[in-house]
Each structure stands twice: as C-alpha cells, then as structure tokens.
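In what comes next, subunit A is part of two complexes: it sits with subunit B in the first one and with subunit C in the second one.
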Partner chain A sequence: MTSIITNNERPLSERPILETPFYPSYKHLIQNDNYEEWAGYTTLASFADVGQEYFSVRNTCGVYDLCPMIKYDICGIDAERYMNRLITRNVKKLLPKRVTYTVWCDDKGHIIEDGTVFRLSATEFRLCCADRQIDWLMDCAIGYDLVITEVTDAIVGLAVQGPVSCKILKKTGFDGVEKLKIFQLESFSLNGYEVMVSRTGFTGDLGYELWTNAINAADLWETLFKAGKPHGIRMIGSEALDMLRIEAGLIMVDVEFMSCFHTVKYDRNRTPFELGLDWVVDMNKGHFIGRRALVEARQKGLKNKLVGIDIDWNKRADGALIYNSENCERQIGEVTSALWSPILKQNIALAYLDAPYFEGNNDMWVEVYMHRECKWEREVYKCRVTEKPFYNPDRKKLTPPLDL
Partner chain B sequence: MKQYDAVIIGAGHNGLVAAGYLQRSGLKVLVLERNDHIGGATTSISRYEDFTYSNCSYVCSLFRQEIARSLELYKYGLQVIPYAGGAQIIKNDDGSYDAMGTYWHDDANRRDLERFSKRDTNAYDRLNRDIIRQCKFIKPLLMRTPADPTSFKPRDLMELLYLGKRFYGLGKEQMHETMRFYTMSVADYLNEYLENDALKSYLAGGATVGTALGVYSPGTAYILLHHAMGDLDGNVGAWGFARGGMGAISKALNDSFLAAGGHVRLNAGVSNFTVEHGKVKGMQLENGETVKADLVVSGMDVRRTFNAIDANELPQWVVDRAKNFRFRGSSGKVNIALDGLPSFYGIPKDSPCMTGDLHISQSMDELELAYDDWKAGRWSQDPYLDMLIPSLVDPTMTPQGKHWMSVFIQYCPYKLAEGDWNEDRKNAFGNHIIDRISQFSPDFKEKVLHMEIRTPKDIEDETGLTEGNIFQGELTMDQLMFNRPIPGYAQYRTPISGLYMCGSSTHPGGGVMGAPGANAAREVLLDLGKRMVP
Partner chain C sequence: MTRRFQNIIIGAGHNGLACAAYLSRAGQSVLVLEASDVIGGAARNRDLAPGVTVSPGAHLLHAMPADLMRELNLSEHDLSLAATDLNTVSLAVNGEAITFDGDTVTGSAVSDADKAAYVRFNKDMHRFTKALGPALEKLAPEIAIETWKQRLDLMGLGWSIRKLGRYHMREFLRIIGMNFYDLLDEYFENPQMKAAIAMDALWGGEWGARSMGSVLTYLYRMAGYARNGDVGIAQPKGGMGAVSAAIAKAAKAAGTDIRTGARVKQILVENDHAVGVELETGERIEADRVISNADPKQTFMKLVSPDHLDTGFVRQIKNLRARGKAGKLHLVLSSAPKFKGVDTVNLGSRMIIAPTMDEIELAFNPSKYKKYPTAPVLEIIMPSVNDESIASDGRHLLSAVVQYLPYDDTPDEEANRTAFLETVLDQLERYAPDIRKQIIEAELLTPRDIEREFGMTGGHWHHVELVFETFLFNRPIPALSRHTSPITDLYLCGAGCHPGGNVMGIAGRNAAQLILKGGK
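Entry: the complex of A and B
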C-alpha cells in the first residue's frame, strides 16, 4: 500500500507565487530589489552587496532561506528497500540520523535529480531536492508498503553556514550542536518546539541546516539572528550561494545537467559518470533503477565528462566554449559555471570536456566574450584541468569546530 | 481570351497563400471566390451592430511564420497576440464550484494544478515533454511535400530517406512511443500520465475538435499535437488572437496578393472544370460564364474538387476515394455579443485566467457521452465547449465595455436524427448552448445581446466545407501524409494535368496553417520549372 498525503487549500484567486514563512522576518533587510522566483516562491538573488554576502560565509556566518527546497517524507516498513531501489547509493549503510548526497536515475541510467537523503530513523527518510517528482516517487512505490508525504510547505529550512555558525547555533540554544559530525543530524528543542539540525550545506564550508515546522519560522529566525548579531550573521541570496557552491565544486540542476524528465533532446541526458559522480553509484548493493544501463555505460567509457578547470587571467568565463588550440580550431568542451574565486584568487569553472581532454594531460584554450562598456570583446585564454572541490577548508569537517 | 497564368479556386486562407506565392513568383494569378467575401473559414464579419466576430476559426497558432514573413503580412496589418490564462471550471460533489487556472509561468501553473492533484503537476511536465518530442518529429514535415512511398522517384526516395532518418533518429524507445502515440486514444494516453479528471477532460476535449471520434476512440491522441504543434514567436504550443479577428489573416493575405498585382473575383463560384484529353482547360462559373485556364489550383475540399470534374475524365478508384474521404461534420459554433463581461462560478472576477480558453467539461466519461449523442444524431447534451472572450485582449472587435464570446462546440451533427436542420432546430441548438453555459455563469443569459449560431450545415453552406468538417476532412491517421487526400495524389496534383489542390484536404491538413497553400504553390512552380519567390 502506498499513499500520498497532500494538503492544499488555496483558491484560484490568490497570487500563485508565494512568500516563504521567513520572508516577513527578513523583509526589512532587503536593500536592492534583486528577486528571483524559485520553485513557486519569491526568493532573493541578493539582499544588499553580493561580495559581503559571499564573505559572510567564508568569514563569519551567512544564512540562506531553504524553504522552497522540495522535501518528501518517505516512511514505512518498506522505506529502506524502496530508497535502495530509487537512489544510486546504498541506504543500508546510512545509519539513522545521518545524511547522504545522492542522485537517482531512470531505467536508462539518466539522472533525474540529485539531492540529499536524511535518514530520520530506521523506517523514516526525508528526500530533499530542487525539483518536484512525486509522480515518479509514487510510480516507483508500487508494491511497497510506505507513505510518501510532500512536506515542502510544512517544513521550513535555513542554511546557517560559515566558520562562526557553530558558535552562533550554540548561543541560539542548540546545546551540544558542536558534537555533530559532518552529515549527521540531531533534534533539538528550542523555545518549546523541535528543530532538526543537520551538519550539511551547499557552500563547502562549516555549516548547518535547521529544519522546523512552518509555524515556528518567525521565532526561529528571531532567536537565531538575535544570537548571531554580535557575530556578523547576515542573510545571503542565491548569487552569493552560487559563488560558494562553485568553489565547493558542487553541481546544480539545470546548470550542470538537466533532469531527464525535462529534456526534449535525448543527447542532453546525463549519467552520473559524466558528472564525475562515480562515487555515489554503488554497483554492489544489488538492483536499483538504472543499474543495468549504468553497468553498460561504465563498460563503454565516457565521451565527455564534467571537470573543474583553472583559467589564466581574471575574467569569468561564463558560457564559454573550450578549444584544443589557441586559434580555436576544434571545440572540445564548454563551461557550465564560472567564477573568479575571491578566496582562491583563481579563475575557476566547471566544464564539460570531450575525451581524452578530461584526463587533464592537454593544454586547452577557452574563448571568452566580454561585454565591456557596451562593447563586446573576445579573448582566448589558456586553461587546464584542476582538482575539485576548488576550495575545501579543514573546518568543513573538523569536529568539534574551532570555538571562534 | 487567356489572361491569367493560373486560376485559384476559393479565397480561403490556403487559396490566398498559394495565390500570393504564385503571383510573387512571376505568374499572373486570378482568384475566384464563390462568396461575396474572402476568407472561407477564416473571416471576421460583423453580424450585429458594432460587434465583429471571428465567425469560424477563432484562435491562431498553427499559421506558419515563414509564410507570414515571405508574404510580408505585417505590412498588411496582421498582428497575432498571444493570450495567456484559461480555466477549467469544476463542479464539486457538494454543488459548489471551483476552477483550475492556467498560467503562463510554470510554477504559477503548477500551484494551481496541485490544488487538485499534486501528482499530476509533475506528470503534466512529463506529458508535455513527450508531446513536445512528438511535435519536434512532425513539425519539419509540415512545410514539406509528403513522399509517395510507392513511386520510387528520386525525390520521393530522398524524402523517404529524410523521414526514415528522422524516425530512426528518435531512438528505439521513442520509435515505440511514436507508434503508440499515433494509434492510441487520447483517453488511454492521458490516463497513462494523469489522475485528475478535470485536467484530463481539459486536454482530451481538445483532441476531439473537428473529429467525429470520442475520447476513447483510437487515433485521437495524435490530435493533441494539433494544439501543441503551433507556435507564436518561438513559444511552442502558444495560441494567439489575430487582432481584428481571424479575418485579419485572410485580409492581410488578400492585400499582399493584390499589392503584388493579383486579382480576386467575388461572387464567382465555379460549377465545373473543363477538361480535354486529361488536361484542364478552364472552368464554368455558376453564373454560366466560362473562364479559360491551363493551370488551376483548387482550394476547395477534395470532394468538391473532384465533383466538379466530369467522372469520365477520372479513374474510378479516384472517384471512389473522393467519395469516401471522411468529412463527418461534428462541430458547431456560437458567437455571442455580450452586454458586459459575464462572471463564472469558481473564477474570481478579476482573474487573469479569463483571457484564455474556458472549459466546463467535468470528465472524460462526460465527453464520451457527448460523442454518443452525436452518434445518435443529436447535439451533445453536455458538449465540450471551448470558450474565449477575444475582446478582453482585442480592443477593435466590440464597443468599449462590451464583449463577444466565441464558443466552439463539439459535438453537433451534420444530419439530425429528428429531421433536416431548420431555423427552429438551429435556434434550439443555440439556446441549448446558452443554457449549458448559464449553468456555470449566473449572469450570462442576461448579458446576451445577439448570437450567431452555426451548425455543421451552416458552415457547409457558407464556406463549402463538406458536411461542415472544419478541417476539410478528418485528421485521422488514415487520412494523413501520403494518404491525404488520395494516395498517389498527395503531392497537390490530380489525375488531371494542370489541376492542383491547395486546400486543407491536402497535407498537412486543416487549421489556419497556410502550409497546404504554400506547399501546393511550390509544387506548381516545380512543374513549371520556376523557383518559388521569395
């Protein structure tokens, strides 16, 4: 028996794009009207200065509103068996109160989505991702005894990230939060309600994510920001987050890959291997959706692959094409995300490269078009394959974190 | 007295497209139209005071933009404005009403869908993706002459190769899917994706338009493409209003043709073609006059075209095929002048959804019952209605503050079981539609100032569309591609040398698309050894 619980009581007349439950709390901090619609919510691309927001995460503590993240609770005696069929990782190895990053594929081994799986208990999982796919989750649940509940609107989330985040959380009232190891989660009681804290994030830094019922949103935000104020806490928007996740070498749906549920062109589908995600595919755990195709794909080898590159010079290479020679004879790849990294002082990018270039033994050139004072200029720079994550500080994993 | 290089029969939009291309390619072209107005099923004619209706076709999406560009229709005033919105009104079990709105923005759209089924919001994305995939396969074929798979001529082989390549290019899985898609019923197809009845009936209803088939009849899934295949300025599946009504399209085509030096004669119905030794020599008009021509392009439907040829000049199987081409009128239309904007249960007064297509069918079973009525020779008790209020977007069609509503009705039979269509029965049909709409609108009736009621019989009488079939023949698989209208004669030619066809009876079929007209012109010019301009 599978069932889905939904609750939606909004009439046609209401504005279809919603504000998040935290929005009223941080509204007064919005200085420039740089909004971004995300999954049906009004969110902020930036509150004020992007550079300041970025550095708050590398220097003190930046907070990002996670409410629009899609969340599914998958509970029941068959939940573990089901999850293991759905995703590429082995959830048998995922202990309760642990979180893992994973992808899931269709039968052809093409990625549907990436996201995180929270194992709340032996029989309860929460799947967090960017894209809705309840139809797929339900179709895959045929024959399994479990209940799938979408809790996107019911559960709110805040990412609290940066070197001072642990200290602020302790001051907020999460006693013992410093004991959380990376990818571990724990429930805390705050002002009489429950908050789940997971040591997770999308920034590649020390950081936590707070989850609670939507009705507690205002109080959680107030309490957190009161405690954080002396320590440089600030709200950040998606532009800063994007810089942080590129430095961390993390991929994004609709940027590095498109869900195979949305591709019209077949050759746009991606396997986990092409994204360099071999490490999330457990071929030894038994059958899972897409396994057969992935075994075949692994044997065939890769035509191209996502890698990190480092580019000479200092201009971001957004959307640039990559060539085998300085006079741009043959295209061998393309940039998906690019950034001048303020902390590395490096011009980095995520890029797809054809074989054998992704092995990293050849020099390559990227062709960059720049709009400078209303004039387009073209430059060609040398680039090379480099290690990912680009930025990977020790404090990300250090437990307990330094008490700054 | 031979004055013209080519004579086009019928100033329907396809005839005008063909005329425009031929004239610009250097021929002297005459168009003969039976009516006192141009346009065929693409007209804007006032029937009441200062109100203008799109009398037959009412929304535009399929019209090929390459035609608009090459014939410079913008110069002659054509503006197609995309519309957003739309709603499916839902009657709840407790008698209350709700509406499922359609929005331009994906997330906004999803928000409203998920009030009814969370699952369907995602499934709908997948459905749309699969339909777009089918569109991508078929769309490039619209502006190409269909290959004859039996001819073995180099150009047919090349075209078959092109088709084959495209088909194999689909990949194994999609090839299977395509075969299924072309043969399934729309109900079965939608059931594979969706669970919510309102959404399904909203989509399925559209797939019965112009076709005397029910939502459970095999072959109807394909008709979904006719709604998704068009595009406006690159927005696939978008529909728009022609400013001033659909007649603006024929008017622009007509003016473009005249500006290029062409001639149109109204009230000049053709009664039969003159054929000598298998060659067309001209035609006889209904007024007894004769017009000579060695090159004739007929924009009439296939039945009418072949009826106008002495059967002695035709192979018997061609006579049979023309007779057996399925028309089966099944659609009606009511155009209503309104004394102000009506309100609908479930739709808030200022909802942006009002500017789109409004629907009231509750389920696919209801739609199937509507089809049963047609089979029994009655208009549907609870028909599928496609309702739009163009005056919300277009300021030129009604006096300020007034509105007009276009109501397309599926099903209405060409032949009634109770007897021939007459004024009383026609009015009863119109009133039934008003009553039906009033079940969903408290103030509709009191706002009605005038209505133009069009049964399949009226549509036939006015436009010459046989049995009132809106597409000049049903768009089912057996009547498409190299089988449209007659196998062996799908390339716009006929067994009569010099006589061509360019109406919606030819590939790729009905709808205000212009593609048959443009393709036919290309074939004519090919035979003349001339290049199509532009």
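Entry: the complex of A and C
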C-alpha cells in the first residue's frame, strides 16, 4: 500500500507564482529584475552582471537558490526495491548518506528525467529533479509498500559552489564539512536547527548544497552570507549556472533531451546511451524499468549520440547545424548548447552527431548565423569531437579541499 | 526426490488442463498446480445438497471445438452429452413464450415477417461468423509486417473478410463495431424476440445491448456454435465438471501430473526468466517454464513481483476491465417447476427471462453504480430434466445465470445478497408462479462470490472484459496477445488471452502449440 502526500492546498495550475523562502533575504541584491519562472517559483536569470556571477563560482563562491527543485521523499520498507526498479543505477550499491546522479526511463527505455537520488538511510530516499513526476512515481508504486511525500515547498536548498565554498561553510558553522567526499551527505546543526549538507552541484566545481526546513531559510541565508562576505560570496542566477554546467558537460532537460512524456515526435525520445550516459545504466543489476528495451537498443547500436565539440573561432554556435564538409553538403549533427568558455578560452558546445561521426572526428564543420550590425551573416567553422567534461578541476573531488 | 518438470501450469481450469494435455502428448513433462481442492476452474461440479450436483460456474457447453474434443479423445475419457442442440425459450409473463429451434422461431406473438427475418438474420450472421471464426481459433495475428509470416497472418484475416464479396464485406464492416440493439431493430419487430437474441451477445460481460461492439460479441458466441460440430448448446452428462474431468483424464493419460490444494504464492523470476513457482506453503518447484492459466491481473499483479515488470505494462494490466456482472442462482426444487407457456418437452431447454431490450438496459444500468437491478435478466436451465444423475429422489435443480450484479465489496454484502435473492425469486415467480413453494435449497453467487470460489479477478467469466478493444492482438494487451510475456519462459494460457472466455480450451491449446514450436 502506498500513500502519496503532496501538501498542495490547491491545484498547481491555480497557484500564483511564488517567491522562494530565500527571496526576502536576497531581494536587495537584485539589480536588473531578470526573472524567470521555474516549477511555480520566480527565480533569477541574473542578479546583476552574468560575467561576475559566473566568475564568482570559478574564483570564489557563488550561491544559487535551489528551492524550486522538485523533491520527493520516498520512504518505506520497499523503498530500496522501488528505487532500484525506478532508476537506471544500482541503488543497492548506494550507501546511506550518499548521493547519485541518475536518469529514469519508461518501458521503451526513453528518458523521462534526470536528477539526483539522496539515500538518507536504509529505507529513506530523496529524489530531486527539475519537473514534477508524481503520476509516474505513483504508477511505479503499484505493488510496493511506501510513502511518497512531495517536499518541494517544505525543504529549501542553496547551492554553494566555488573554490572557497568549503572555507565559507566552515566559517558558517559546519564543522567538519571538509571531510565530506564528493556525493556524500551529512547533517549538521546550525543555530539550533538541522541543515543537511551534500557535496553535490551543477557547476563542475568544488561545491555543496545545503538543505533545511523552509522556516530556517532566512537565518541560513544570513549566517552564510555573513561568513562569506569577506571571501567574495555572491548570489548567481540561472544564466551563469547554464554557462557553468556546459563547461562541466552536464546535460539539461528540454535542452539536451525532452522528457519522453513531453515529446510529440517519437524520434525525439532519447535513450541514456544516446546521451552518452552509459555509465549511469547498470545493465547487470537485475530488472529496472526500460531494461528490456535498452538491451534491444544496445544491440541495434546508436544512430546518434551527444558529444562535446570544440569549435575554431570564437562565436557561440547556439543551435548550429553540423556538416561533413566546409560547403555543408550533408548534415551530420546539431548543437544543443554552446558557449565561449571564459575559463578555457575555448569555443565549446554539446552536440548530437550521427554515427559514425560521434566516435571522434576532426573534419566537421559547424554553420553559425550571426547578427552583426543589423545584418545576418553566415560563417562556417571547423570543429572536432573533444573530451567531456570540458572543464574538470582537481578541486572538484579533492578531499579535504585546499584551505584557500 | 523431487522430479524436475519442463512445464508448470498454474490453475487446473479447462484451459490449463487442455494446455497440459497437448504438452504431455508431445512428450513434455507437465505439473498442473491447482489452488482449490477440485480441478476444473469455472467448469467444475460441487454438491449443492446431498444427491444434487451443481455446476457453479459455467453450466452449458457451446463453444468447445469439435476437433479439440476429438484430438483429446474426450469421449473415451468419459465425456458424454446429456443433451445437445438445446432450444432457447423466451419466457413471457402472459404465457406467450417464444421458442427458437435452429432457424425456426415459434410463438403466438411472432409475426410471419419476424419468422422470415429470423432465417435471413441467421444466414447473415453465419456468413459473418465464418469470416471471423478462423481468427478466433488461431493465435492472434501480430500487429507487425516485418516478416512474411506476420504479413500473411494479417492478410489472412483481411482476406477472409474481403472474400465475403463486395456487398457483404461492406455490411460486415458497417455492423462490426455497432451495438446489437440497433442491428436487431433493423431485422425484427417483436421486442421479446429481440431481447432473447440480444442476450446471447451479453452473457457474462459488463455491457448491455446498446453498448458499442455488442454485435461483435454476438458473432463471437456464434463462432462457438460454428466450431463445435453439431453439438449446439449442450449439457454434459454429470455436469460441467465432467468436461474438465475428461480433459484431466486425457492429460493424465499422456503423463501430466496434477496437484490440487497447491496455491501458488509467486512465480519465481531469475535473470528475466521464469524459473519456477513458490507455493503458499513455502515449497519451491522449479521448471523450464511457467504457464499461467490465472487471469492476467492475478498473474502480473499478484504472482509476479513488480520488480520484474515495467511500469507502463503494470499500468495497462491494472487498468484492464475485469468487473463480472453475472451471478449464479441455484435452486433445489422438490418437483419439476411449471413455467408459463413451457410444456414438459421444453423444460429441458434454455429459458430466457428478458422481456425487452430496454429492460436489459434497465437491468444493466444500476450495476454500473454498484447497485442491484430490480428486474434482473436470467438464463435458466433445468439440468436435472435432461440428466437424472444431477438430482436424486425426484428433486430438480434449477441453474440460472443472473444479470446484472455489481461486484459488491461493501460491508452490506451479506444483506444485499439476501435481499437480491428475493428480487430474483420475485422475478422467477412472475414466470413460474408456484416456484417458491418448491424450493428446498437456494443459493445465489454474486460476482464477488464467483471470484472467491474460482479465483477469477472481479468474478469475470472471461477473465478480462471481452469487448471490441480487447479482441485479437489487443487481448488482453498487445504485449501479451500471443501467450508470451515480457518475462522469458512465462506464458499465459487462460481466457484472458485471445480468443477469450467460455469453456472452449482454445487458449490452452494455442499456448501449448506455440510452446511446442519453440516459444515466440
């Protein structure tokens, strides 16, 4: 028997767009009113200057408001079996107080969503993702004994990312936070309330995420920013975060892939293999949803695959098509996310390439359209398949982090 | 020492037994596990009173293929028919009963036009049944045209419809998705006659004469008559249990082992393969493959752990309709009852109480809302008239299918059953005024009781609703339409598969033949 608790007093469709519990705390920092909606909350695309926000994460410490992140607590004696069937990774190998990145698929092996799974204890999990999943989670629960609670509004989150993030957290009062290994979580007591800290993030840098009850939001923010002020702590918006995640080679729903629940055209569905996520799929752990279809997909081989590419010249290749020759005879792929990387001084992109080009190819050409002084111009640049993540500093994994 | 079997069949219903018989005859070792203490599933016997044998599930045999009965030598295994080709008599309160005997319909209220129309109607329906019939005996065609085999299967079905000729093919395609109510209005004028014919599309299901696709379910029933030789509607000697007993004997003679009182708790799955079963007692029995004669809902929602199944699949199984609407009434009578307008010769016929098609709909409506009808429709037989072994000491047994009953899981179930029994007896009394005085023993089985006694989900005869959308390659769902399942070496052989319910054994035979050909 499974019970579902969503805590929504009224349908989400009737709910006004909410401010996050941290909003009153950082409201005074907002300079350009660059808002965007995410899962029923207003969030900031940028607070002031995107470049400064980006560099705060790479050089000091940037903080991103994670409140709208959809969070489900999945608890009960069947929770491990349930999670192991739901996601593609092996949950039996996920120890308590560990976090893992994963995807989950439908029967056809097509990706529904990606997200992180926090194993809070032997029988308690928290699933974090960008879009609501309750129908699927409920249907997956048929035959299992557990309680699924949506804690999106109840639990607030802050991503604290950058080289001095550990130092700032220590100064905030999280003694021993430096011992946390990547993808590990621990509970701390701060000013009399509990804060869960996980060494996770979406920036490819050293970083942590702080989770606590919504009522503690104001105090947590104040305490953190007071401690971080001398170290260059700064709120960042989603535009800076997007730059950071591209450098880290991390994929994003509705950009690199569409949830198979939202696609209209069947060929837009993606298997984990097409996204290059073979490493999150444990084909030997026993059955999980979509496994039989994925066995078949693997036998058939890939038609295309998401890879990282490196482009000559310096213009961002957003949405560009990729060709097999300089005169653009045959299209062999397309760019999903592009960035001129400030830290690498490299023009990088995530792109789908047809077989066999994704195996590695140096002779590809990307067609970029540019608006120059009110005139559209077309340029063709050479590009090549390159390693992901594009940016992968040692400090991301180093434990304890350097005491800067 | 435990013997290892090649096949475990869950459920000793007639399909499970037929599947076992065919597998054993081909040299395979088979163990049939039956949860209850008797074999037969819904084709079984039990004592209603000392010396009175009732067939608590199905009470007539009308759809079993003649070739299946021949192949399994059922007559040599003690199956004989006490009566064949039963007439159908539609009872009337005023005594103006209508009798259907082959193409002939008689009754003082039946016009000459209706009599002629009945001949024409039967001719048309037989023609369409012939087009549909072969598809209802073979494996369901696959909805795929990747191989020549798949193409030919689909083309075969298309061709059997095409070869009806231009006029009849169009007529077939016009009516196949239609409701029976409208079609019968096109042929006949007598309301009672229409209602009696309509019920043959409606027994056992959650649908009325006005429901979409009821023409198809009528043809489905006609296809049963077409394939069973000249048996028509038959009453096996000794009750329906004799059918199952004969198939069981045929299976045992070929080497099948049958264990009763062995309730399966779960189907064991390893590495995506079914490897055996675990019984309620904790005993584990291994086999090369497991064949489930349990309905799809039980098989995949109870016997197989969801750990081995995809969510979309489970969702489809969960949403399958299995809400039986047929109840059974059993009366032990002190002497032969007297029905208005029915002479002693016709007392052994199949008697229908369904005055008009509108009254069928009115009986159906309350059941949609978990309520009982005030004027139920009935299919009554008097097995003891055709077969003296059914009831001793001059007593008689009345067995009736009663529609439409809800699946009553309310706390008032007991009281509702008692009250509804009175409703049914009131209805009977209108047609047989003295019947109450003759009752020695009365029993009413609701769909929930049927679920308890036979284990079929929702008490549904056909395991899964047998309607347009669950025919052929959609029965019960596309992924299960050819007896295989997503789990390797787990097969289905019951009425939930194509071609569906009624005591006919085709699903069991098809499953066995598929397995013998090597699975897929």
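By our rule, the second predicted complex is superposed on the first by the 395 of 404 C-alpha atoms of A that agree within 3 Å, B and C clash if a C-alpha of one lies under 4 Å from a C-alpha of the other, contacts with A are read in each partner's own complex, and residues count from 1 in each chain.
The rule is short, and it goes like this: contacts are C-beta pairs under 8 Å (C-beta built on N, C-alpha and C of every residue); 3 or more make two chains touch, one makes a residue touch a chain.
Note that this is a predicted model, so its numbers are computed, not measured.
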Which of subunit B and subunit C A:264 touches, first, second, both or neither: first
First (subunit B), second (subunit C), both or neither touched by A:140: second
First, second, both or neither for A:290, with subunit B first and subunit C second: second
First, second, both or neither for A:17, with subunit B first and subunit C second: first
Touched partner set for A:37, first subunit B, second subunit C, both or neither: first
First, second, both or neither for A:376, with subunit B first and subunit C second: neither
Partner, of subunit C and subunit B, that touches more residues belonging to subunit A: B
First (subunit B), second (subunit C), both or neither touched by A:150: first
Subunit C-contacting residues of subunit A that also contact subunit B: 108, 136
For the subunit A and subunit B complex, residues of the former touching the latter: 4, 6, 8-13, 16-18, 37, 39-40, 108, 132-136, 138, 150, 261-264, 266
Contact set on subunit C toward subunit A in their complex: 271-272, 301, 305-315, 318, 486
Complex interface listing, subunit A residues touching subunit C: 81, 84-85, 106-108, 136, 139-140, 142-144, 286-287, 289-290, 292
Residues of subunit B defined as touching subunit A within the complex: 87, 98-101, 103, 105, 107-112, 114-115, 118-123, 125-126, 129, 132-133, 136, 171, 173-174, 193, 346-348, 351, 353
